[in-house]
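Please read through the structure below; I'll follow up with questions.
Naming follows writing order (A, B, C, D and E), and every chain is counted from residue 1.
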Amino acid sequence: MFLAQVIGSVVSPVQHPSLDGRTLLLLRPVGPTGERCAKTRIAVDRSGAGVGDRVLAIDEGNSGRQLLGVPDAPIKTIVIGVVDSIELAGEGVYDHREG
Amino acid sequence: MFLAQVIGSVVSPVQHPSLDGRTLLLLRPVGPTGERCAKTRIAVDRSGAGVGDRVLAIDEGNSGRQLLGVPDAPIKTIVIGVVDSIELAGEGVYDHREG
Amino acid sequence: MFLAQVIGSVVSPVQHPSLDGRTLLLLRPVGPTGERCAKTRIAVDRSGAGVGDRVLAIDEGNSGRQLLGVPDAPIKTIVIGVVDSIELAGEGVYDHREG
Amino acid sequence: MFLAQVIGSVVSPVQHPSLDGRTLLLLRPVGPTGERCAKTRIAVDRSGAGVGDRVLAIDEGNSGRQLLGVPDAPIKTIVIGVVDSIELAGEGVYDHREG
Amino acid sequence: MFLAQVIGSVVSPVQHPSLDGRTLLLLRPVGPTGERCAKTRIAVDRSGAGVGDRVLAIDEGNSGRQLLGVPDAPIKTIVIGVVDSIELAGEGVYDHREG
């Protein structure tokens, strides 16, 4: 699982009913203090996340299919939660309420 | 899932009936504004994409097999949709109609 | 499987009962002598690890689901053990009791 | 899936009957014009490829097991076809007959 | 699959009976001529390999579980064979007997 920042969205007519109407988020993987750390990925949202949110994402098809409840969904990356807070060595480095 | 640009195609007599007659696309993974971001991959097409198209691709065998409806297809990467548009921080950075 | 240092934790209301109440650890993958070697990841703990511990982690969904005993858990990375000691070319380079 | 150049072979008494007598090829992943693009991998051959051939390879265990017809084979990377030709932006950049 | 050099070992009380008493090897992935090429990984041994051995390893959970014969083992990386010899472009570049 990895931390990411939602930086945008993608519209594409993916030809599978399991993805109809689902938002495709553009994620920038980040380290604990928000630094960019890997190339962008596209994820299906399942947590109501929007641009600017720090999220927890998972890059595994079976997890995604189980979360959506669609056994044959073509999906690999999914946002499983908005992050409330991050602690690094005992100190808070991120708090969702402060943005 | 990742964004990519279709940059070419590959012809190879893959010895499995599930891939007979399927186009093998050469993909260059790109970031949201089109910058190259990872090494090229070969993908099976399922969206009618051609050279120059911006596409959404997925790198997971089970997704590919489910999309093709062939449970034993030797496949890992598949193009699941041509991208219509990309928004980055609320601004459009790509629109398929403008190329 | 990979070695990592637990450097913090993440709080996120992941919307799946299998993860309720589970600690999400922030891991920094390290080499045998503790040098940082890859970007941070988020893992579910199953070994009672805390900040500062050197741990053994695995990045595979099926392993995680089997360890938690929850066949449909959305999980990819799991801490499977605190490391007691590491030997490199016959010499001890890490001992948990010495920190 | 990825393009690679066969650069050699490996001999190792892998302790599983499914691999008895199978050639283990040393692959160098390459980009469309033959430039090296990732670290070498070891693959099981299923296409009669030899040193110098440009091939299409897949890095997914289920594909490999299905192609070999051995459900419990310990295999992740497999060569699924020798490449006949590669087109980049409409121009031929590789033709097997020309070497 | 990848080539690696066994450079050490790790002791960790992994909490799963399938791994009781199994050696956890510290692997340094290498290229054909022995050059380091990726970050270290931890692998379960199944070939009697020891420090200094050049080995063939596989990074896929299903392969590892099948080789160990334990369907629910938390395992991703496994050493499947000690390497006898490596040929690069028709020339021997490694022979186990010469070390």
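The working rule: contacts are C-beta pairs under 8 Å (C-beta built on N, C-alpha and C of every residue); 3 or more make two chains touch, one makes a residue touch a chain.
No experiment lies behind these values; they were computed from the predicted model shown.
Using the contact threshold fixed earlier, the set of chains in contact with both subunit B and subunit D is empty.
Considering the contact criterion stated above, the chains in touch with subunit A and with subunit D alike are B.
At the interface between subunit A and subunit B, under half of the residue numbers appear on both sides, which makes the contact a different-residue one.
One rotation lays the C-alpha atoms of subunit B on subunit C, and its angle is 145 degrees to the nearest 5. Work out the mean CA point of subunit C and of subunit D, and you get 33 Å between them. Distance from the subunit A centre to the subunit C centre is 20 Å, each centre being the mean of its Cα atoms. Within subunit B, contacts with two or more other chains are made by residues 62.
One closed ring of touching chains is present, and its order from subunit C going to subunit E first is C, E, D, B, A. Residues 7-16, 24, 26, 39-44, 51, 61-62, 72-77 of subunit E touch subunit C in their complex.
Within the complex formed with subunit B, the subunit D residues making contact are 1-3, 29, 31-32, 37-38, 46-47, 55-56, 58-60, 62-64, 66-67, 78, 80-90, 93.
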